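In C-alpha cells below, several structures.
Two complexes are shown next, each including chain A; its partner changes from chain B in the first to chain C in the second.
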Partner chain A sequence: MTDLLTKHSFVELGARQRTQALLDAGTYRELIDPFQRVMSPWLSRQGVVPQADDGVVIAKGSVEGLPVVIAAIEGNFQGGSLGEVGGAKIAGALELAAEDNRNGIPTRAVLLLETGGVRLQEANLGLAAIADIHAAIVDLRQYQPVIGVVAGSVGCFGGMSIAAGLCSYLVVTREARLGLNGPQVIEQEAGLDEYDSRDRPFIWSLTGGEQRFNSGLADRYVADDVAQIQQTVSALLLQGVPQQQRSRRAEFYLARLAELDATPQIEPATVRALYQGERP
Partner chain B sequence: METLSFEFPAGQPPTGRALVGCVGSGDLEVLLEPGIAGTLTIQVQTSVNGAEQRWRHLFERIFQEQTPPALNIDIHDFGATPGVVRLRLEQGFEEIGHD
Partner chain C sequence: MRGLQWFNALSAGATPVQGLPDSLKVADGQLNGQSVRFIAVVTDPNNRFPRARNGEVGLLEGWGLAKAVDEAIALGDKRPLIALVDVPSQAYGRREEALGIHQALAAAADSYARARLAGHPVIALLVGKAMSGAFLAHGYQANRLIALRDPGVMVHAMGKASAARVTLRSVEELEALAASVPPMAYDIDSYASLGLLWETLTVSQIEQPTADDVARVCDCLVHAIKDIHTPDLSGRLGAANRAASSHVRQLLREQW
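What follows is the complex of A and B.
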C-alpha cells in the first residue's frame, strides 16, 4: 500500500507524459506537435480514425544538462504501430541528432518503445520507415548512446524489436516484452500445443523483461517507477557509447545457438544458460 | 467511420490551447484551440457510425449549463461513451483555463 502511494508508475503514463518525465524540468520542446496535424493520410481512407500526432511524440530538451532528443510511441493508439508519418518522425529525429553530432552538438537519443511494429494499414511505407529508423540508430550510435526503453504494457515487436536490439543500451521492466513476432503470430505458426498466446505467465517467462535481462539481451532491469527509470536513463546517457555494441556480437550469439538442442521444448532456463555465460 | 460538424454560441476565445486524451479503445482525443469570438465549432471524426444525434444531445446538455469559450475543437473518437466524452471535454476546458 505504501508502495502504491509513493511510487509513480511509468507504464501508466502516455507517450507525452513519459517524455516530459524524463527531460529536465522546463526544457521540453515538442517537434511536429499535434496541433500541426501531420497525420496519417492512409488511415481515414480505410475507415480508421487517425490521431493528431500519429501516435509518436518527438521532443527535444536536456537530461542532466545534456542535449537529448526523445521519440516516444503511444501504445494505446493502434497498438503503437508505426506508419509512414510516425516512422518518418522517429527516423528524422534520429537523423537530425546524428547531423547535430557532425556539427559539434552531442545530441543523444532515447526511444520509448511501445509497439507491435509496422502498421499493417500502411504496409510497405511503414516497413520502409522502420528500415530508415534502423539505419539512423546505427549512424547515431557511433557518436552518442541511443537508449531504448521498453516499459510495457504493449512491449516491443516486429521490426521495432530489431530497433531495440540496435540500441546502445536497452532498459526493460517486468511488464515489458521483447520479441520479433508477437504471441498470436507464433501460436498461429507453431500451434497451440507449442505456444499458447493466452498463457500469460508462459509468454512473459520467454519474452518478458526479466527473462530478456537475465539472458543478456537487455542492459538494465528496472521497476515500473518514474524516478528509477529517469535515473537509469540519465546514468546510461552519461556513460557514453558502449565498448562493443550488442548487435556487433553476432558471432558470439551464432556460436551459442549452434550448441542448442532444439528437439525438446525450450525452457526459459535453457535460454538463460545458453546466453548468460559471458555477459559483457 | 463518420465525420460530423457542430456549431454552438460561445463567449470569448481563450489564449491557450490544449490536447487531452488518446485515440485508444473507448477513449478519444480532443484538441482545443482559440476560435472566433461568439462561436464554438466542433469537428468529430468517430469510428462509430450513426451517432450524430447522440453527439448533438451531449454537446447541447453540456453547453446549456454554462456558455463555453470560443473554441475550435477537433475530436478523434475511438468509441468513447458519452460519459468519457464529457470528462475529456471538461478536462480540456480546465487545461485551457490553466494556460
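What follows is the complex of A and C.
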C-alpha cells in the first residue's frame, strides 16, 4: 500500500509527459510540436488517420543543468512504429546534438523507446530512417552518452532494438521487453513450436527487462517509478561515456557463443549463465 | 547464392580473412590498385544455429561482421569496405531472441558506422535481397548504396506474409497498396525513387556474372569510392519521395 501512495508510474505516462518528467522543471521546449502539424505524408492514402506529431516527441531542456535532447516515441500511436516523419525527427535531433558537440556544446541525448520498429505502411522510409538513427547514435556517442530507456508497455523491437543496442547505456523496467523480432513475426516465420506469441510468461522470461538486465544486455533495472527513472537517467548522464560499449564486444560474445551447446532449445537460465560475469 | 557468386567474382585472387564464422566470406583484395576488404554473408547448411542456415543474419553473423570490420579499421589504412548484400532476412528464432540477436546486429551496424566515421569508404552492393534487420546490420551504414537492376534485388522491412499479418491485410491487399505507395513496394525501381541509392546498374548475368559484368561493377565501385567526400549519410536525402525527411531536418535546425 505504501508503494501505491509514494510511487508514480512512468509506464502510464504518454511520451510527452515522460519527457517532461525527465527534464529539469521549466526547461522543457518541444521542437516541431503538434501544432505545427508535420504529419506522415503516407498514411492517409492507406486509410490510416495520421497524428499531428507522428507519434514522436522531440524536446530540448536540461537535466541537472546539462544540455539534453530527448526523443520519445508514443507507443499508443500505431504501436510506436516509426515512419518517415517520426524517424527523421529522431535522426535529425541526434544529428544536431552531434553537431553541437563538434561546436563545443556538450548536448546529450535520451531515447524513450516504445516501438515495434518500422511502420510497415511506410516500410522502406521507416527502415531508412532507422539506419539514419543508428548512424547518428554512433556519431553522438563518441562525445556524450546516449541513454536508452525501455519502460513498457510496448517494448522495443525491430530496427529500434538495434538502436537500443547502440546506446551508451540502457535502462529497463520489469514491464519492458527488448528483442529484434516481435513474437507474432517469429511465430509466423518459424512456427508455433519455436515461438508461441500468445504465451506471455514465456516471452517475458526470454526478452523481459529483468532477464535482459540479468544477462548483461541492459545496464540498469529500475522500478516503474518516475522518481527512480529520473534519478537513474540523471546519474547516467553525469557519468559520461562508458569505458566499453556493449556493441563493441564482439570477441567476448563470439567466445561465449562458442561455448554454448546450441542443439537443445534454449532456456532463460542458460543465457544468464552464459553471458553473466567475467571469466578467465 | 548470388552473394557468394559476386564475392567470388570480385575477390578473385584476394586473400581470405580467417577466424570468422563459416557464414561469412571476407577477403582483402585490390580494386584499381587500392586495397579493399570484401564482405559477404552466405548460406551455411551446418550453422550451429538452425534458423541461420540460409544466409540469414543471426548471432554469429552479427558479431562476426563486427569483428571483420573492426579488424579492417585496426589495419589503419582506411581501406574501402565493400559489403556484398544478399541477405534474405535476420534470423527468426527462440535462440536468437534469447541470446540477444538485436545486440549482435547492433555490433555490426556499430562497426560499419565507425568505419565510415573513421574515413573508410563503405559501399554496399545489392545483388539480391536486402531485407530489414539483415540489411541494417550489413550494408545500410554504407556511404554509398549501389543496386543491380533485377527483380531479385529488393529492399524491404518485412516479408510479404508477415507484413500482411501485422498490418491486418491479405497478401493481395498488401500487393495492391505496394503498387501505389513507393516506400511499400518491393521492387528496386520504387526503392530507387526514394533517393537512397547512389547508382543502379544493369548486368547481363546476375546469377553468374560474366567478365564484362564484373568489370562494369568494379568500375562503378571505383567511382563510388572516389565520390565520397563526407563521412555521413546526407547523400541519401533530396528525392521528392523522401521530401519530408529533409523538411523535418530543416525545421529541427531552425527550432534547435
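Following the convention adopted for this analysis, the second predicted complex is superposed on the first by the 278 of 280 C-alpha atoms of A that agree within 3 Å, B and C clash if a C-alpha of one lies under 4 Å from a C-alpha of the other, contacts with A are read in each partner's own complex, and residues count from 1 in each chain.
Just so it is clear, a residue touches a chain if its C-beta (ideal position, glycine included) is under 8 Å from a C-beta of that chain, and two chains touch if they have at least 3 such contacts.
Just so it is clear, the structure is predicted and the values come from calculations on it, not from any experiment.
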* Broader residue contact with chain A after superposition on the shared chain, chain B or chain C -> C
* Asked: Between chain B (first) and chain C (second), which does A:Gly155 come into contact with in this model arrangement: first, second, both, or neither?
  -> neither
* To do: Considering only touches as defined above, state whether A:Asp139 meets chain B (first), chain C (second), both or neither.
  => second
* Asked: What is the contact status of A:Gln245 with respect to chain B (first) and chain C (second): first, second, both, or neither?
  -> second
* Taking the superposition as given, does A:Gly208 touch the first partner, chain B, the second, chain C, both, or neither? -> neither
* Who does A:Gly61 touch here: chain B (first), chain C (second), both, or neither? -> neither
* Between chain B (first) and chain C (second), which, if any, makes contact with A:Leu180: first, second, both or neither? -> second
* For A:Val38, decide between first (touching chain B), second (touching chain C), both and neither. => second
* Asked: Taking the superposition as given, does A:Asn124 touch the first partner, chain B, the second, chain C, both, or neither?
  -> second
* Common ground on chain A, meaning residues reached by chain C in one complex and by chain B in the other -> none
* What residues on chain C touch chain A, complex-wise? -> 48-49, 51, 59-60, 63-64, 66-67, 70, 89-90, 92-107, 109-111, 113-114, 116-117, 132-133, 135-137, 140-141, 155-159, 161-163, 165-167, 177, 180-185, 191, 194, 196, 232-233, 236, 242-245, 247-249, 251-253, 255-256
* Asked: chain A touches which residues of chain B in the complex?
  -> 1, 17, 19, 22-25, 27, 29, 31, 33, 45-47, 74, 76-78
* To do: Note which residues of chain A are touching chain B in the complex, please.
  => 14, 34-35, 44, 47-52, 55, 74, 76-78
* Structure fact -> Per the touch rule, the chain A residues reaching chain C in their complex are 31-32, 36, 38, 40-42, 45-46, 58, 60, 84-85, 87-89, 91-93, 95-96, 117-118, 120-132, 134-135, 138-139, 142, 158-159, 161-166, 178-182, 184-186, 188-190, 194-195, 206-207, 212, 215, 217, 245-251, 253-254, 257, 260, 262, 265-266, 268, 270-271, 274-275
